[in-house]
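A short write-up of the structure that comes next.
To keep things simple, chains are lettered A, B, C and D as they appear, and every chain counts its residues starting from 1.
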Amino acid sequence: MSFPLLTATAALPALGAIATAAVPAAKRTAAKWLALIVSLATLALAVTVLVRFDPGGDRYQLTESHSWIADFGVRYELGVDGIAVALIALTALLIPFIILAGWHDADPLETGNKRWRPTQGFFALILAVEAMVIISFEATDVFLFYIFFEAMLIPMYFLIGGFGDRAHEHGEETAATQRSYAAVKFLLYNLVGGLIMLAAVIGLYVVAGNFSLTEIAEARANGSLDMATSTERWLFLGFFFAFAVKAPLWPLHTWLPNAMGEATAPVAVLITAVVDKVGTFAMLRFCLQLFPEASTWATPVVLVLALVSIIYGALLAVGQRDIKRLVAYASISHFGFIIMGIFAMTSQGQSGATLYMVNHGISTAALMLVAGFLISRRGSRLIADYGGVQKVAPVLAGTFLIGGLATLSLPGLAPFVSEFLVLVGTFARYPVIGIIATVGIVLAALYVLVLYQRTMTGPVKAEVAKMPDLRVRELVVVAPLIVLLVFLGVYPKPLTDIVNPAVEQTMSDVQKKDPQPEVEAAK
Amino acid sequence: MTQFAAYTTSTGEAFQFWVLGTIAVIGALCTVFMKKAVHSALCLAGTMIVLAVFYLANGAYFLGIVQIVVYTGAIMMLFLFVVMLVGVTAADSLKETIKGQRWLALLCGLGFGILLIAGIGNASLKEFDGLGQANANGNVEGLAALIFTKYVFAFELTGALLITAAVGAMVLTHRERTERAKTQRELAEQRVREGKHLPPLPAPGVYARHNAVDIAGLLPDGTASDLTVSKTLRDRGQIRDVSAQALSDLKALEQRAEDRLERTNSGEGSK
Amino acid sequence: MNPVNYLYLAALLFTIGATGVLIRRNAIVVFMCVELMLNACNLALVAFSRMHGNLDGQIIAFFTMVVAAAEVVVGLAIIVSVFRARHSASVDDASLMKL
Amino acid sequence: MENLIALLVAAPLLGAAVLLCGGRRLDAVGHWIGTVLAALSFVFGAVLFADMLGKDPEHREMSQHLFSWIPVEGFQADVAFQLDQLSMTFVLLISGVGSLIHVYSIGYMEHDERRRRFFGYLNLFLAAMLLLVLADNYLLLYVGWEGVGLASYLLIGFWQHKPSAATAAKKAFLVNRVGDVGLSIAIMLMFTTFGTFAFGPVLASAGDSGEGTLTAIGLMLLLAACGKSAQVPLQSWLGDAMEGPTPVSALIHAATMVTAGVYLIVRSAAIFNGAPDAQLVTTVVGAVTLLFGAIVGCAKDDIKKALAGSTMSQIGYMVLAAGLGPIGYVFAIMHLVTHGFFKAGLFLGAGSVMHGMNDEVDMRKYGGLRKYMPVTFVTFGLGYLAIIGFPGLSGFFSKDMIIEAAFAKGGTEGWILGGVALLGAAITAFYMTRVMLMTFFGEERWKSRPTASPEEPSAEPAAEHHGAHAEPHPHESPKVMTIPMIVLAVGSVFGGAFFSIGDRFVHWLEPVTGHTHGHPPVSALTVTVATVTVMVLGVGLAYLQYGRRPVPVVAPRGSLLTRAARRDLLQDDFNHVVLVRGGEHLTRSLVYVDHTLVDGVVNGTAASMGGLSGRLRRLQNGFARSYAVSMFGGAAVLIAATLLMRAV
């Protein structure tokens, strides 16, 4: 038996989380370094997975399979396709930056209490989330996936509810109230989604007799597993609801602005760039593979909801007064694009959606982390409290602008590639929806530039006059992300090469062919 | 007889049923509505005896006897014992404290009863085999045959249950002393420290007309002192407040004594 | 007279007992009412036994008695210890379970 | 030789990267790095040009494939360049004028502490613009298209501490984005129609597609062109864009970037040729903008804004010409090139004037500057003569050709378009003469300025160095600034004649764009005479109004049209009321809706559950008897249910 690489990739951060949590209270810095090293080691493992993955090979590679709960056909089955590999790499890539960006976010205010160890907890929770997210990407057993899909709520709940911005414009008490509200809201939304999904998971078991994604999908494909149309649709809805909450899709989105607004910037990045990706990923992997007919059936409604998300999220982002909430609504808009790409049922749309997941992760991380640095300097999330930062901290402003430009998908930066693919893919099949979605592009420019103008330009406000520019640690966080944004914007081929075969397989799962051009162009 | 029992019973049994049944129902109602627990217990015992008779009438001779011996004899006595322990004279107030409870209870009871009776009436219970055949070898022998064959496992279990119950009752009522008992000296010191009543408690009924334990003794000024009554009675609120009555009794006694003295005097005088 | 009347009587006694449980606050009386209900059941079982012509009903009634005895022992022990702790035998006083 | 193409883009891109990432230590040499790399790009362009001239005119096209950019099933986007005569023209114009303006900026931005960054942005712009014209497919063009938008954004807002500059930059980017939507939809349409968006296959097979599709693509491309080239209805950003430093206005908002729309239309000639409706709309847009820009230009007192109106108007000419089809494409590009010379020259001249006048931009506070700034006066004057179409100068040739072609369109359209173009020529002469007279002739109004000079909100920050409150001492600019002006003036004098004699330019571009010689209903000479006549009329009118009479320092109220023109013909007000206010209300109400309705439904559910359980909690009163009642009731219900089941 070969080395269980996938298990190791997920287990390493899990063990790291335990180890970090066990570090004594006084050795706070050691805990941070431990977490950072573990996350870097995980990154190394993820890169190994990426290298070992053969884009032209089998659909699921590096598979592992062990019996787990034999009575119910639950197996410990792991395996990655191109989409999963890309997202695992994204997760493993972002976590070190998140850790580094949140280096001082969980330092205890007073060191008097010897047993008080928030720092250890913070970093252990982040690693725990990483482990769960990675295993969710790897699981090819529906039940296994479900367990970790749900379990990651627990560390996320504590991360949101337990650690907020050090300074808060409304004072510590209000901050605590809002934080716990946000955390509870996050938990409840996702739990409701998860419970509905649980019903669907059980239903799937009743219908199919086991939980194995590969087996069920195969049986569906060769016709040996026949589902009644209504059954399939109900099961699809059960799964889709959970993923739509997680993704989040309008109108199930309202937990995200609260959660991202109240959490610290690194945790906000963790939510939107990493955890939420499980939702969109699962749509692609579970909804489309297991329920192709129902997915086609639901496509019009899903597309309209995605469209609403795009426009609505962007409009609300324009109307926000709070930097982090603005980014949150922008993310909702971007998730609309991702979901639109998935359900456009074209190669371009789905490839674009997958790239979008990766690119959105990186671009939001860049923007949000810089926003976090900005907020930590002034102690306020309100846009109106800033002005003229560009003059005082040009590097900070520059990186913020690049993050913003990536968010508005400027060509040359990574998100453009994916956004354009999604638009083209949607347009090819649903021209009207594609055209309306382009409005989102204009609105994205609006909210990003308004944000930049209000915070960075204009006369220097007295409160920001002494603001220091980015420190080395912060630069180390932001610079690689920006380099990646540029690199993937100019040369996304490595990524598309990995993703394309998986998308082709998904397309054949749903039995869709790309629309052919009207005119065969002269070559 | 067996054939006969299939659809009806003898007139004697019918007479017995109607008379004793009425008594049983009355007893049951009294159990529920009597203010004092002890009366309830007695009424219940009556009902149980009636039921024992019915068992006998139904051919369950063994159960009839057991009913009287075990239920009426042992269990009801246990009840009475506890009633005594808790306070035999304490009368419950039948006034309801939970809002709507009584009406809901009566409504539910009424509905339940009607439904139950309707259910029985609805059931096709025309067949009535009688126990002639089953009791042919004697009731007790029949039961024993069943208990030690078919129901032996349940029977063993009930044995275990009884033992457990016995142990449980002991555990529940037994109080383990967790700290060393205080010595006389320590108690005395504690009393001094607390500045409370230093001398030993007075006996009840001092200066009273009689020295019953539940009557408070009178202080020199004629008021009652609760200290003289044992703590248990005090906690139960079973102190008979005698101060007024005792005083009036005292007065009457004095009056009578004077009267007699006068009479004797006058008698003497008349003599 | 139809022996079914025994069943009606049992039902009546059971209902009375149940109502008593609901109405009375004194734990001992409540307990007695429970006993009354059990006895009503026993009567029904005995009547059933007679109806069906076998002794199984009586066996069940017998077991019921045993269980009732055990129950009374434990129950009364509980009442006594509650009374010792709270100086009251009222079931309403033991309402600590509510929020 | 093909491998040089990538270097055209790479040189300024490298400059941008080095200057923007290099940090403070490059402050001392940053401007030289930028200038040298821009010039290097021009040298590469020149080498390629020489190579191209040596080839047969039909086989001059060169291409270079760098790498596959976005390979997705059914969708191939490559980073590949195509250099043909059309691109070559642009390359030379962009890198040439660009290099000159780099040189000029060395002097102009001398006192700005962020000069290095300025040159970085300029290099970024050059790279993006060259990418735009060198791309061999629409998607890569789109990258350049947005890239120049970004550079324009950064440069307009270069003085970010001025809220007006930041706002203008944002506005420019946003309006451009609206146009970009058009471009992206056009690309999507091409993809669904042709399965590709590379120039070669798309343009070659354009004829195979239906007219409806082509019209749709054409209109979307036109929308993109409107955004980038400041054509009605997306023209509003250009005037505000003058907030940027003057070299930026000269390079981006006069000579190169704003003409990208014309490039796009001419490049997509095959599509427009197959879509007469789209062409008609294009000519109408061009004609309307032509007049619009001219009218706005007449009313502005800010010298840069007057020139911006002029730019708009001149690009209107080009778009009009491009809309005319094969009879106009070449002239559109020719006018574009000559316009690049003289408009850049004019802007640089304006910058020079402002440089000498403490960054004053109000022409009413100029006057009689010809004595103080002789070089500026002469170069500006030559540019002026070129733009109004003085016979023999470059503008004369190119504009005349367009007017001719407009008449040659034929039918009523031809007459209307030709008439509008003529009218435009007259107005051009009028407003340019106005600028000329107000700036260089007449009394020296800056002397009579009250000492407490009103601090113009748009005053450029270099004013801090000069001392804004002092009376200006007009002086000639340093050599580093005047030499580029002289070079451009030479171009604007001789460019037209060089291109036109022997139809050189037509022959040069014909293999790419195709050319049909138009036959105007009247003779070419008549048109020329008419053009010169209206030009003289315009000049005369302006002389009567501004040469003979003193110019008031405070602007008179003016007619309704003047007042409207000062406000950009109320377009901004419309935008403000409808889009900005409307948008604000929309977003604000949506924020409310999100909070109360979408969130409210959820929170309401939660609250009602809470209320319900609060009420239910009262049932849990802790009294065992209460529980017993419900148990008993439940038992009763069960019996009832059983009975009912039996009954049924």
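Operating definition for what follows: contacts are C-beta pairs under 8 Å (C-beta built on N, C-alpha and C of every residue); 3 or more make two chains touch, one makes a residue touch a chain.
Remember, it's a predicted structure, so these values are computed and weren't measured experimentally.
Across B-C and C-D, it is B-C that has more C-beta pairs touching.
A summary of chain positions shows that the Cα centroid lying nearest the centre of all protein Cα atoms is that of chain A. Averaging Cα coordinates per chain places chain A and chain B 71 Å apart. Here the spacing of chain B and chain C, counted between their Cα centres, is 15 Å.
Note: centroid distance chain A to chain C, computed from Cα atoms, is 62 Å. Between the Cα centres of chain C and chain D there is a gap of 95 Å.
In chain B, the positions touching at least two other chains are 98, 101, 104-105, 108-109, 112, 116.
In chain D, the residues touching two or more other chains are 621, 623, 625, 629, 632. Chains touching one another, given as pairs, are A-D, B-C, B-D, C-D.
By the touch criterion stated above, chain D contacts chain C in their complex at residues 617, 620-625, 628-629, 632. Chain B contributes residues 98, 101, 104-105, 108-109, 111-112, 115-116, 118-119, 122 to its touches with chain D in the complex.
Contact residues of chain C toward chain D in the complex are 18, 21-23, 25, 91-92, 94-99.
For chain D in complex with chain A, the touching residues are 20, 67-75, 79, 139, 142-143, 145-147, 150, 153, 157, 160-163, 165-167, 169-170, 173-174, 177-178, 180-181, 184-185, 187-189, 191-196, 201-202, 204-205, 208-210, 213, 583, 586-588, 590-591, 594, 598-599, 601-602, 606. On chain D, the positions that touch chain B within their shared complex are 621, 623, 625-626, 629, 632-633, 635-636, 639-640, 642-643, 646.
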